[in-house]
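Consider the two complexes below, in which chain A is the common component and chain B and chain C are the respective partners.
Showing the complex of A and B:
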């Protein structure tokens, strides 16, 4: 057993030794393999980390965006979704304010009596019973008060009442209230434009605002607007007029500086009873302007070479044409020169002048002055004039002194600006215009200078004397027209106007003042004409606008009368006491006309034209 | 081996601390930014309201009323405006006893 046993043990040991050797080798191999695998993995990971790090460095340092760009993108936009409107000096005319509205959740109210007590103390206009009802019940929401002022909101916050909260709503606000009512217009409850600039520029005002918010700037001037508004209101009250219109236009660019239509309204509180007040008489109302049209007749005749400045027409006899008679209110009953026709406002002379120019020429001329098309202004409230159709010779003659063609006050103002500023027509605009705006030449500069002389003469010696302002060299023309009331011209119902240009030697502004049915002192209709009502108001306006506009007053210079003007005693008194009331188309009222009851232009036309047929 | 392991642990710990610190700093900055934005919004709104109020208080009609009540000023008349060379300069009289 031993020999064999030894042998067997030796063999086992040998076998075990071999096994161990094999085992050791195996381990060594495996360890080596494992190491190399680890190494490869480590290399791989290192490479991956290096890659990630490189990418990080690349993104954060090399390709880094400037940090302020990111910041700008994340700064939130102002809350309002509608642009402000400002005047030419940056005064706020319309803006959107986020106002707080108070609501209640009745489930969270502890003490109803105390809450009612405290709330009515801050908001006395609230109804106690209604308030109590809102605070009791199963509902979870009820409005208490809409659109509170910040002060009210603060006061309510200070009450510290549980169960109450605020929601913010945007509301359009017009800080200047009535001052720009017709120009700026107003919006509905959802801030959509309904009138004026708010309507015409609705899309532009609603554009998502750039940052910082850019306001929408208009050419009007709050100070001019105020002067015009104040003087017109005073004039309207003083003369008990039904309505009034005022326009101030930049004569050299057509920019609108002020536009007032009275009666007006408060755009912050649109009331149904203001319906008629929302009518913008300056751009929607059409009026027969009367004698101010004689300026256009004279300009047209002088520019066409039909008559020379020293020429004239026989105005001694009324004109008979078909069934019409054209006469002068205070006829001089003699031959009148062109300056005299304008200064003393002779209808006969103007009618003859228009007749001499001819219908076609007159039409073309008025067309170029923008008097026959729709009023050109950036407002939806822009009316078309009422034009005679057909346009016969009698129309030519009556239009020569401002009857039979009804235009808007704004159209008249811009046409006068064109005649006075050297002969260039600029369509009126509510937007600021660049310095070099292209206009359209309508008369030669020499004709324009001739007309300026006539306008100055009218103020210095003629019917517009009450508009004169020392130092500001006012030129202008009165206009008085009878309104068509119940199918005929009415002696006591006048449209009295005055259109002024100042300073006349270098026109800067055109001012139009128009009163609807003014009453003169002691109710005398002859003292209600343009020379007595509109002219002095225009004078007051100019006296205040001059210093505002930075126009240096100059010492008064006497205005010499041209040789062709005879200023006899009678005409002097006449010139002050009357302004050529244009009642001069005295046609028998037709049945059609007398049957209607309202004083519209259609009636006037049917009256004039119906009689000619 | 052990040393590199220790270095690795240290590195990881350092990075973890760095990340934590950075994150904390970013969070602080973030809340600061949110606060600034809130203040900015509130200020913009406030300026907006103040502008409206300023315009409301500067109504020409109100200014005229206040001027009438508190100032003893008259509107300038054209006669009061003259060119500079038309202003008579004061002549200085020397030695005048009276």
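Showing the complex of A and C:
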């Protein structure tokens, strides 16, 4: 029993042991398989971690847009990317100043109201609604304010607004403000040239610069410009003119020394109301110049041998042509010699002289003087003259005394320089020219010499007396033209000018002064002509430029009158007080109304020719 | 820490037997977590109108409690641990069921039970508890087991999944599925059933896509980035791009100001912006290292239960980390998932501490299953 019991117990234990062994074996098998499967999951996890790491690199480095950090890095060395402009003496006319500009990233602004509130406190000129719109939306960049002062930048930094940042920008600055407004021009806020030198030489100014940038040097002279600007401004105020133009040209090279157009503007702060002032009258405005053209007529006639310096024309009777009359104002009513025609500014004489030369010759001659093509100057603001078409004999005659052809003041100035400097035409230029510049001969040197004499006579004894400056031997010619207003010439609206050459015995500079609608004292329009307004201003300018230019004044010497000139006392006073107004056409009554205030060239011609279309 | 090897005290024995490398890696992760919480949460706190350091203070408190909990759990012998997980699981599953009834709806889901001013997320505690319980059931190491372990495990799992999915909490469902499937797979499931389960998982995912509108929207907007709302993911992209290699510096991030969940579901993006690629890669490496330590131990382990429990908990942590990173890096459709050890969150921190404590307890040297037997 015991044995059986023992046996039975032993069997049970053995069975349990076997079960236990089987169980353990099964577990061990499972654990072994589990291990290999463990490796599979480990590989999967490894792959997932590698994928996440790769994506991290992708997002932070490869796909990263230029972040704020990068922007800061590029800004740390502010560098001017636009060259300075300097005058011939190295005086800064235009330069770039590194300033801070405020921008916003709307994605980082989280309290728009607060930001608007704080910003308008520091920058009160900002428009609240516009500001709010810039801070809302999907975009990531919007300018808030450009070219802030360091003080403003500091104040904005102090606000501690998130989402706002500064970029350093070059701001174009014109230290002489309005002095060179039209010539140097200006740029837009992104420093792209919009006018003047800034526009014409935009590519050259923005060339990748070696550091420090080499300045861009021009032929202008700040001192000349200052004198011209000051005297013109004073003249414009004194004569209540609507506008004024002044040009100073180097007579022997065509280099532009000064050029002023009034009214002007401050290129540092261009306002919408400056639109009118931004017009450069010296190169964009075209005017019928009046009597100054008689110089070209005389030069043309003398050079072509059509008339001798002692020859002349009968100016006793007005010229009747078609339905029009060319007459002189307070003319001598007698035969006039060539010097007399110029000195006393006889329209009849000039018209006859031009007629004698002929239309074709006149066209060719004026073409050579650069008066029929686009104004040659390194500015985009360069106008074309208004040329009669067709060019008939009547045009030839009126152009002979400066009517019927409208040119820019700069064109006139450089043409006069060619007549006076020995007969060589140099296209005007803003850039410094080497001494031996090739020009184009337009008249012989002897003709030029004759013309210089005529110009000197005009100042010494004729209509240009008020331009004379003792010691500087000024020669010149007045010009007075009635403006075309509402389709007809207007006797009270004048373009009064004076073109001066000095020193006349060895021309260095040509000075042009032009006033638009100057008024004489006591509303006497006859005293608003070139001899009364432009000539004295030109005299004042020359008196100041002479010493600047290093021209030694010489003791006054009498200017003898040629035998061909009869200067009676009466005619002298008449010529001085009248300054032959080139109002040659008594406009016929016409019922044709014109809406235009200035009139087109066609209307002008129809007025001159009396042609009724 | 100066503890001599001969120290026979409780602490001394714990120190010399615990996986210290794992402990250090986790401590470093938690350190970054506090740094990032300090950086990311003030903006969120100010936005929701509480004290600026509301989340910071609370997270510090949670971390303290979590350290204590982890230490306590890691001291437990394996049998006690195993037995303790049953009541934890039962309580948390009960609470999980209760959330469906009593929890207020927040952002379209019922997950949090308000308890004494704190909100308690029961599903977080289900994860480690169930990982241990199912490891025991799947290991089949109890010869006296009355019921077939695998069947019981599958049934329990189905119930829990149903509760979590009903909340609805798709991210948590995915984590639980991954953990359970891995354990099932490792426990020696026949390869045929492995594929059956994979097929079921795929079918279930499709079903979820078709049935749950919010899953549908998330997936669609992920597959078709031109549509839908990716506000947070887009901001996260900005953050990484902004951060670059070395980041913009601690506290210098800007994108966090605009990320509603900067302190929790998108904290990795804050890490990316302020500390850059360098720290992000380091965090990835630390997670990989934590998993590696567990795996390196598991591969030598003789006990199926211990292996399954440790791997189950680590897979849970690893999957969660990968999903969190995947979402912030726009590799996965967006779903709310905290980054273990790092994100703000009381329940997730405590639950992670519980799980990690269990891992440390199970991997203590000289305390393996066999020796105790």
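Keep in mind that, in the parts below, the second predicted complex is superposed on the first by the 445 of 613 C-alpha atoms of A that agree within 3 Å, B and C clash if a C-alpha of one lies under 4 Å from a C-alpha of the other, contacts with A are read in each partner's own complex, and residues count from 1 in each chain.
Here is the rule we use: a residue touches a chain if its C-beta (ideal position, glycine included) is under 8 Å from a C-beta of that chain, and two chains touch if they have at least 3 such contacts.
Small disclaimer: the values here were computed from a predicted structure and weren't measured.
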| item | value |
| --- | --- |
| Chain B versus chain C as contact partner of A:21, first or second or both or neither | neither |
| First, second, both or neither for A:52, with chain B first and chain C second | second |
| Which of chain B and chain C A:132 touches, first, second, both or neither | neither |
| Partner chain in contact with A:41 - chain B first, chain C second, else both or neither | second |
| Partner chain in contact with A:240 - chain B first, chain C second, else both or neither | neither |
| Contacts of A:204 with chain B and chain C, given as first, second, both or neither | neither |
| Contacts of A:364 with chain B and chain C, given as first, second, both or neither | neither |
| First, second, both or neither for A:179, with chain B first and chain C second | first |
| For the chain A and chain C complex, residues of the former touching the latter | 19-20, 23, 27-31, 33-35, 37-39, 41-42, 45-46, 48-49, 51-53, 55-57, 59-61, 63-65, 67-69, 107-108, 110, 162-163 |
| Partner chain A, residues of chain C touching it in the complex | 139-141, 143, 182, 185-188, 235, 237-238, 240-245, 248, 254-255, 257-258, 272, 276-277, 280-281, 284, 287-288, 291, 295, 298-299, 301-304, 307-308, 311, 315, 318, 322, 325-326, 329, 331 |
| In the complex with chain B, residue positions of chain A that touch it | 74-76, 78-80, 91-93, 95, 97-98, 150, 173, 175-177, 179, 222-223, 225-226, 230, 469-472, 543-544, 546-547, 552-553 |
| Chain B - residues contacting chain A, complex | 37, 40-41, 44-45, 48-49, 51-56, 58-61, 64, 75-79, 81, 83 |
